[in-house]
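Consider the two complexes below, in which chain A is the common component and chain B and chain C are the respective partners.
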Partner chain A sequence: MKRKGLGFYLRIYVKILAQDIKSKMSYRADFFISTIGMICTNIAGFITFWILFRNFPSISGWNYYEMLFLYGFSLISLTPVQCLFDNNWSLRSYVYSGDFIKYCFRPINLFFYFQSEVFDIKGLGQLAFGIGTLVFAWVKIGLAFTPLMLLKLIVFLITASLIMIALQNAASATCFWIQNSFYILDLAYRFRDFAKYPVTIFSPVFKFIFTFIVPIAFIAYYPSLVILRPDTVPVLSWLSPVIGVVFFWLSYKFWMYGALKYNGTGS
Partner chain B sequence: MAPIIELKNVTKEFKVLNRREGLKGSLRDLFSRDYKTVRAVDNISMSIEQGEIIGYLGPNGAGKSTTIKMMTGVLEPTSGEITVDGTVPYYNRAKNAQKIGVVFGQRSQLWWALPLVESFKLLKDIYMIEDKPYKDMLALYQSLVDIEPLLHKTVRQMSLGQRTLSDILAAFLHDPKIVFLDEPTIGLDVSMKSKIRTLIHALNKEKNTTVILTTHDMGDVDALCRRIAIIDKGKMLYDNDIEHLKGFFGSYRTLKIRTDGDHKIQAEAIRAELPDFSVSADDEWISVLVDEDRQKVIDVLGQLQKSYDIRDMQLNEISTEEVIRKIYEEGVQ
Partner chain C sequence: MKLKKYLSLTRAGIIEQLQFRMSMLVIVLGNLLYLTVVYFLWKAIYASSGTDVVNGMTFSDTLIYLVLATALFNFMEMYTVWQMGRSIQSGAIILDLIKPMNPRSYLFWTYSGNFVVNFFSTFLPTFIVVCIVTHGAVPLGTNLAYFVVSVVMAIMINYNIDFFVGTICIYTESIWGINIMKQVIVLLLSGATIPIAFFPEPFKSITMYLPFQSIYNAPLTLLLNGSPEMSDVGRILVTQFAWCVVTLVISRLFWKVSLKRITVNGG
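== the complex of A and B ==
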């Protein structure tokens, strides 16, 4: 048997995703309605943000545009989890009905195969919003635009995305053990709303939780410090890419462990 | 030649939580260690040669699917060993998957939203099938069943029969050494069943594919299998040629009669009248299984003639269906 390397997986991934997008596009009404829904959600989110923060010159030392930067940054970093790992939301029903077994019969990585099946186009709208917000904030703050800054931005966006993905993988994998795992996944989903705010606005207890237990502070806060506060970057910021990779890897292991331990339902 | 599949003293146990009732019960379940063990497969040994079609039979809950899940690498046995073409499936799931095809009846593995031909193309990439064998296989399929109209339908739009057919075609696509078919004909109409039997038979002949088939339809067994393995409550009851098994029942005859009334109702009455005999009915015939060593067919016929208006009759050897039913009921002596 030939080796199945990165190239092989990349090719398969693109093909399966392309098929999914093609078939979704063919349900045109569905596609438009969900796109409009997504735009509305984003506008509503933005308005909420605006109402909350326009009256404060600064919160815990963060001014309005810096908050906006964080907001845009978190929206962009949410895009990969939204677009590429959306099948996690269906995992529970596959496991519950026993249909999960179909993913076990293919000669490719189980996690990969499962996640490759769904591409959620709605995430792209969010991406556009995120980029718009980020660029706006970037200009207003007067940040320099140098290759180094761009590199930092990209590295930390990837970091943030990895943590988001890891959080969702871990939450959805609980369904291999627990029946009502939907609440856990939903909780993880809600937690990520907090990623939009600097952790300094939370009480010390929550600050600790969001840093070390459910590390959502690494999604936007610690990474953006590198760009917004280059003079006083805490160690945790520099650590965040490592934490992102480690956390993603752990969540993958956890997911796979659950999948392999899962005995299926009798039929 | 070494057997393609070998099972040695394979046992599989499931731990199931003893669930308690009510809210208080569920709360206690959360911390409960009160498990009971279900032995789904109990010390099974079997060896299967390349190219065989083996009928794996047993009543519901006997452990057939569990055995298949172990052979496909999805489950690990609690004890015992399995090798499939030289590898241990549950330690090399992906490697094993390359060599096998699997169909679980009524559980499609194809992409619902895609036309069948697109599913096939994805499988071609996933299994790394070369262009030539891929084209040849599609040509072979076309010659066996008319797949052209199916190719451009999405799986979602297909009937259950078409879906099953597609799943079987997909399972054979990469020319695997072994194909596992778990109740593939369940819920299908007669003509689709026969189409699927023809297809499996032809592919087995053409490609020398080993086929493990579980089914409740003895028509499948008669059409496809020489060898059968019967399992009940996890234990192997019988594993040999079907003719050999019928030999045990050499003195049995199936007396078939046709009457005017409703066959189902009359069969009920006959069952009451002849409690020692196994009686079954369909639209065409009422069948009574008679052991000639104990009672002459002619006497039974005479007795039936007193109460029923017999229009037509037939005398046959014991059918596979009846043999299997007797085994489930009484076991192998």
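== the complex of A and C ==
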């Protein structure tokens, strides 16, 4: 079989996306309420943050605006996983009911087809919130704004987003082996909340875990150092794009390994 | 023999839960990992504040408060909104309506088995770990009795609010959005994400007049105070009881009115 090119997949993606949005639009009330729910989540997260900093002016040498920068950065880099990979949450019910078999009979990449089926528009609200926070923090800290900085920011944001995608892929793929993977997925989702804190506050053991095993430190902390502390950037920060790509690739292989092992339910 | 039929539902729930031992293990381990992260986070926060007591709460007070709030959350979260929303969407709710039991009680008691399992698998281990880690900062006296009474009422208030929100699904047919809004509001205003003592002033007084603080803040306040004034205990418990009655009446009435509007497709 001939390998399909990138253009082919892009065309298919747009077609599937259009169908998904059409079907979402037939439940307008649900869409509207979900969007408000998402905005509520972001506002509540922000209020928590604000209350915390009213009581404690700095955490481990990071002041309010620097923490705000991390917060905004993590919100943006967590957007792709919300928008593009939301179908991972349904994987376990497809596997459980046997409907997953339908994905196996398409002449395109299994992983791609499964993930492209759902596009979560409400993640865009989070993106807007994140950009707003990041710009505000950027101005308040008084960082310079050059095209090079922007380029760095974009590259690091994209590669940082791969980390959470990788974590979610791996967590959802566990359902190929165990029946109820919801709790693992939920646990991975909860770790996302800790991405916005500098990893230096943890003890060495956890610092190691959050850097190399559950690499949430790469969602915001390490990439942000490149922009916030340009004088003392650790090697890990520069490596973070590589780590993002590697973890994404590993999670893809893991996901596909589980999917190809899938036997169906016999119905 | 009224209680017997309810307790048989509890028993069925326990047996059902014990079928999923693997997910129970994941919950217990995930919970421990989560607690460790919370521990380091707040340790760092207190270390950079320079003082031992912030807003009348020491580090161990805050830790106990937040950790037990999480444990209570795991223990009390019944996914009522999900269940109701799903059965309203699919039409399966009709099966609950024709049972010779009030659907409200039926839903509650089918879940009660999980209370028992969750109490032993998450709440109790967490409580013991916290007692050891904080070197006995949890006073063990009559406050434990107040705490138990308070938690029972908290469960009731939480269920009433959940049931109320679940009923909204009859009108909106949206589950995710409604549920996330409820969760965010309850967790923030009940003091589960950040202790209410840390809230800035007007905000703090407002939360005291809302039912949500009776869910987490009330039992935890009772637990943390080893030698409380009887008047304080009375005030907290009476407030909780009042909210119990109010939320019960409101959610009952709302369900009664909404039931007339229910539409089941096909059936």
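We take it that the second predicted complex is superposed on the first by the 263 of 267 C-alpha atoms of A that agree within 3 Å, B and C clash if a C-alpha of one lies under 4 Å from a C-alpha of the other, contacts with A are read in each partner's own complex, and residues count from 1 in each chain.
Keep this in mind: contacts are C-beta pairs under 8 Å (C-beta built on N, C-alpha and C of every residue); 3 or more make two chains touch, one makes a residue touch a chain.
Here the structure is a predicted model, which means the values were calculated and not measured.
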item	value
Partner chain(s) touched by A:Arg11 [first = chain B, second = chain C, both, neither]	first
Contacts of A:Ser203 with chain B and chain C, given as first, second, both or neither	second
Touched partner set for A:Asp20, first chain B, second chain C, both or neither	first
Which partner reaches more residues of chain A (counting touched residues only), chain B or chain C	C
Touching partner for A:Pro230 - first (chain B), second (chain C), both, neither	neither
Touching partner for A:Lys102 - first (chain B), second (chain C), both, neither	first
Intersection of the chain A residues that touch chain B with those that touch chain C	none
Complex interface listing, chain C residues touching chain A	20, 22-23, 26-27, 30, 33-34, 36-37, 40-41, 43-45, 47-49, 54-55, 172-181, 184-185, 187-188, 193-194, 198-200
For the chain B and chain A complex, residues of the former touching the latter	14, 40, 61, 65-66, 69, 72-75, 93-95, 97-98, 100, 102, 104, 107-109, 111, 113-114, 118, 121-122, 125-128, 154
Interface residues, chain A side, partner chain B - complex	1-2, 4, 8, 11-12, 15-16, 19-20, 23-24, 98-99, 101-102, 104-110, 117, 263-264, 266-267
Chain A residues within the chain C interface of the complex	27, 29-30, 32-38, 40-41, 44, 47-48, 51-52, 54-61, 178-180, 182-184, 186-187, 190-191, 194, 197, 201-203, 206
